[in-house]
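For reference, chains read A, B, C and D in written order, and residue numbers begin at 1 within each chain.
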Amino acid sequence: MKKSRIVRASALIIGLSLVGVACGGSDDSTSDGAAASCEGVKIAFFGALTGEAGNLGVNIKKGLDLAVAEFNEANADCQVGIEAYDSQGDPDQAPALADKAIADASVLGIVGPAFSGESKAVNGKFDEAGLPIITPSATNADLSKNGWKIFHRALAGDDKQGPGLATKITADGKMKVGVLDDASEYGKGLADIVQTSLGDKAVEMNSIDPESADYSAVVTAAKDAGIDALFFGGYYAAAGKLAKQLRDGGVDAQLYFGDGVLDKGYIEAGGPAAEGSIIGCTCAPFDSNATFLKAFQAKFSEDPATYGAEAYDAATVFLAAIKSGARDRAAILSFIKAYDAPGVTKQLKWDETGEVVGTAVYAYTIKDGKIDGSLGLIK
Amino acid sequence: MTNEVLLDFNNVTMQFGGVTALSEVSVKIFRGEILGLIGPNGAGKTTCFNVMTGVYQPTQGTVMFNGSDITKLKRYEITQSGIARTFQNIRLFSEMTAVENVMVGADARKTSSIPASLLRTKRQRTEEKESYDRSMELLALMGIADRASDAARNLPYGYQRRLEIARALATEPELLCLDEPAAGFNPAEKQELNELILKIRDQGYTVLLIEHDMNVVMKISDRVTVLDFGRKIAEGLPQEVRENPDVIAAYLGVPDDAA
Amino acid sequence: MSQLLILWKRFYSLFAGVQAHWKSMSRVQRLSGYALAVLALYLAPWWPKIPGIGWLVNTPGTQFSTVLNDQVIIFVLVALGLNVVVGLAGLLDLGYVGFYAVGAYVVGVLTSQHASLPWIVALPIAVLVSMLVGVILGTPTLRLRGDYLAIVTLGFGEIIRISAKNLDWLGASRGISDIGKPPSIGPLKFGVIDPKPYYWLGLTLVFLVVFCLYRLEESRVGRAWTAIREDEDAAELMGVNTFKFKLWAFAIGAAVGGLAGAHYAGKVGFISPDNFPLQLSILFLAAVVLGGSGNMPGAILGGIMVAWLPERFRNFTDKRVLVFGIALVLVMVFRPEGLLPRRVRTKTAMRTSSDGKEVAQ
Amino acid sequence: MPDWLIVRTFWDLTVTGLALGSIYALVALGYTLVYGVLRLINFAHSEIFMVGTFSALIASTQFLNIPLLEDGNYPYRAGGTLVLFLVFILFAAMFISGVGAVALERIAYRPLRGNGDAFGAIALAFLTAFVLGLIFVNETKANLIIACVGTAPISYSYIRFFKKGKKAPRLAFLISAIGASTAIAEAVGIWGPNRREQYQTPRILEKKVLFKALGTDVRVDYVIVIVGALLMLTALTLFVNKTKLGRGVRAVAQDAETARILGVNVDLIIVVTFALGGVMAGGAAMLFTLVYDQSRFNIGFILGVKSFTAAVLGGIGNLKGALLGGFMLGLVENYGSALFGGQWKDVIAFVVLLVVLMVRPTGILGESLGRARV
């Protein structure tokens, strides 16, 4: 009797797999480390480029692209590559991408992960692999408390932003502040900090579903509570809908938001209702550094958006490390730990938990349908 | 046939909204007999079946089986207490094989459940084997064992009718209710079926038979009950019923072989 | 046109030929065939290195072995569980992600949030709790008819997710981090980076689940489920305690879903309500029906396809979901019974035959 | 009376709840009609609604050339112009949604009934080619066209000739519906205006307070929505009860086989049913944009789930039930939000559904378009 095809096929697969096992210990890794030149040296972006929150990732990627392009132009003998891991902001997809980044030995540093959720899912992996990361946008306060040695962020966390916002609200003379959130990790976290900082001025207003179209129950509650200000922790799309419905419903409280609303999408969604809202962010105004602004406009023919400058800063640190001759992850990491130089947004120096030393919080407002940074530093 | 009452259908009224499908119908079935239940379309025959087997809860009246009240029992409990039925429009488990169909019936008498099946306990294996053997036996009895491993839906019509009977028999009933088993059969097939039903009766089962075809009913029934507009209008030996003027009136214009 | 038809039939008969050949082999040959196939599956993390088929299976952009565990194993487990509910018993469950979430959360709560039990202890508890939740949800709802059941289960999935999102006891939107990992066995280290041990563990779980479900399917329980699916009223009138068996189907499906969730939680170490969106329920259902509902190999194939294809075709990232949607419609149009439709089993007849002989065909 | 938020703001919540409920009700009508006739959860109905909102938005911005804002203010209209504009936008949304629903039936459902026609077959052939082209060929237009030309005849003939008369199992319809739903939403997300971002609509109706009643400001847009929904339901009821086609719909819902034997063109009736559902969803979509003046590619999913819940709540297959269920759901959600907080809104909705189904397994008013299966 002939041997079955199935048996033969299985045997073949096993044989070939064993060959694979013999050839390389780790699976599908592509490179075996780089030599002294910059060949095969890459900096990676990790975050959402597509999907629901793709905008934010695209902003960050542009900052990274700009930094690398400038570096490569200045250093003809050292061409650094860019890798992009598009997680769609989904903590489910992130681990497989992170493992890929870890397995690719030419990836020496990561600008990202962009969101707090995916950060929690993968930063532990990066830590164990010793792959340094600098996130330009994940501001969740708890992230720096996990003991990850590789973790850095290029801006202050929500534990700085929240009190900053509370200071601003108090300074504006608001006495009864409704505090609302979208039940997301970022929104709820920030709203809780703001509420604590405000103390008894705060009026707890629970959460809303950001995907919902109708916020009339909240509008009614806000009207009923007679608040003179409202803080909403959440992202710009929901904020726009909320602002509009509040104004239509006859609520004229001053609106305050966190950095998740600092996007032109808020103005599009809110229309006239967005005018005058105050938005806090630990990110620096886009025009705070004229050289960066000009270079960015030249490359992309548009203004940089939220976190673009922070991403540029993060990439600059990695590039400086490469320039200094660091060719493996450990060397890059120790370079970052010792780094202390001005970036386009702030002085870049990290404490041992990975928090950046500069803790400035800025306030923005919406004026004539544009984001306006003239309110400046609030803390 | 004995004088022991197996099923006592006692003064049953069945109403759907405003429509009365059965009105104070009382039927007694004696152990070991073949009782024919006849009547024109819409007379309430199938409703009778549905009340007996628990598909409907009667508005009024009780159904006693083997001396106990089964009116409030769940459908599967009624089956397990010894009443099995077939359906007027065949309702086999069409994706299952013929033998599996019968085994579902045979399983009604088995007790091993999930944990036993998971562990394949000895009792479970014995029961599986018993179910299988009994089912094959019944298929052989019905003369359809040659297609035991075919999907029920692929069987020819006559096989499907007989498979329904086999499935019902597998639940080890004391009372077998056949709802127009000869529908769609040609005379030769009807003849075969008649013999089969008699054979079943002779094995000790009691049979309640709904049939349109007077020839079939009159030939094999020990007694006949006639329903019309939800009322019992006659009962007795086939010959008596045939000559009953009420029955003739009820059937007037309806030829004998109306099926 | 007719030539096309002939080609089609040829293709099918070729397939049948291989099957017949397989059946004609001796027991030893067949067993060794199975053993080799199993071994090949355990070596799957190295498949991308095989010249020739490597490019086909590899997932560009993501780590293949991570995809194997985090996506493929999870979807296969879930599809197997959901197949019991939807495919065998015919109960349309649109909220299956709820059980998956319960499994993951039980492990999260017991190993990190409120206690620090080892994962291996939390695992059976997670399975049991999921099963219990299945029973609790099933008892009131299984009396409902098919499509009412669908919307109610969908509601349950949402209730579980929203509760997890808003109850501080469950970590609310922060989720649960630092979830316990399986204990290392000898050289098998369940660490953070290497996904292979998890894959092997997951594959073993899959085999275990397949074994158990196969036993159930090939018994009175499986017959009862199929009968309920085919005609619930007739089944009950044939003495099947339909409610009991439906509840069992629900509970067993929930248990397998919970197992998948527990395995997932142990692997990634971090869960949050965002891991369990309603859309995932729909993907799970799609996996079952795509592969062929009511048929274990079909469910497995469906799970693999739904999990692996999007990673394989990562290069058109922004159109992946669109293609997935269109593909669902196309598969249903071209193969409405799924890729591997269930066939009427003839094995029962042969295997349990009293005298060991095959029943005459 | 206790001084709870829900007590203080009861009438406010009632008005806004009824407005949202009207939209649920109109969308629920589509689910109910299709379910009554085909016993199918038309999962993609929510996307028909979403397409309707985009039609309304495009009709106002592209055809009527209304800008989003004029000097930073809304371009309010008044009097005859306003009515004319509103009616035009309403008909545009109804038309596109109706056409969309019919096309959906042709492509995603009819071939599964073994009754695929040329339109559906060609559309499916092109979809096949599109997918194959994306997977196996690089994504250039030329390659896509080659793929289309190459594979279209095969799939066309397959659907037209090989699948004739074979009816797919029920689950297949559901999965096809889910697939269609995903595909439509994604297509709008990829190619639609403003892609995945929220899309704004110009606001031509000033949201003035029309009158005050029971201490509540009743806004004009809420009144239009509630009255509009009632009018549309009345029109639909009249159509179903008084016209020949409407009687056909009821007949097919009762018993498709018998209706076919009695000479009812079942396929035509199914088309009419989908068209009616689509038109109602289009109307709902226009009213939705009137109140919330925005839309997004994924707006349909949650709203669809809610509307289907409303349909089940009232008794699926029952037109009045859809209205009742919609209103009830809208109100319950609003009251519940005030009682327990907005984050529990969906939980409250589903718990109410469960409780109702426990007491009345076929919804509040029971099923009526068709009848309950034994």
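Following the convention adopted for this analysis, contacts are C-beta pairs under 8 Å (C-beta built on N, C-alpha and C of every residue); 3 or more make two chains touch, one makes a residue touch a chain.
According to UniProt, the chain labels map to these proteins: A, B, C, D = Unannotated protein.
Here the structure is a predicted model, which means the values were calculated and not measured.
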Neighbouring chains shared between chain A and chain B, ordered by label: C
Interface with more contacting C-beta pairs, comparing A-D to C-D: C-D
Nearest-to-centre chain - CA centroid comparison: C
Most widely separated chain from chain B, with each centre as the mean of CA atoms: A
Separation of chain B from chain D, taking each centre as the mean of its C-alpha atoms, in whole Å: 48
Chain centre separation in whole Å, for chain D relative to chain A (CA means): 36
Separation of chain C from chain D, taking each centre as the mean of its C-alpha atoms, in whole Å: 32
Distance between the centres, which are taken as Cα means, of chain C and chain B, whole angstrom: 41
Two or more partner chains touched - positions in chain A: 183, 207
Touching two or more other chains - residue numbers and ranges from chain D: 343, 346
Where chain C touches two or more other chains at once, by residue number: 165-166, 233, 318
Pairs of chains satisfying the touch condition: A-C, A-D, B-C, C-D
Complex interface listing, chain A residues touching chain C: 1-7, 10-11, 13-14, 16-21, 23-24, 27-28, 49-50, 85-86, 90-93, 95-100, 102-103, 117, 120-121, 124-125, 127-129, 142, 146, 183-185, 187-189, 207
Residue numbers on chain D that touch chain C, as the complex places them: 35, 39, 41, 107-108, 111-112, 116, 124, 127-128, 130-131, 134-135, 139, 154-155, 157-159, 161-163, 166, 168-169, 171-176, 178-187, 190, 301, 305, 308-309, 312, 316, 343-344, 346-347, 349-351, 353-354, 357-358, 361-362, 372-374
Interfacial residue positions of chain C with respect to chain B in the complex: 212, 215-216, 219-221, 223-224, 226-227, 229-231, 233-242, 248, 252, 294, 342, 344-346, 348-350, 352-354, 359-361
In the complex, chain B residues that touch chain C: 53-55, 74-76, 79-80, 84-85, 87, 91-97, 99-100, 103-105, 107-110, 112-114, 117-118, 120, 124, 127-129, 131-133, 136, 145-146, 148-151, 167-168, 171
Residue ranges of chain C in contact with chain D within the complex: 1, 4-5, 8, 86, 92, 140-141, 143-145, 147-148, 150-152, 154-156, 158-159, 162-163, 165-166, 233, 278-279, 282, 285-286, 289-290, 293, 313, 316, 318-319, 321-334, 336-337
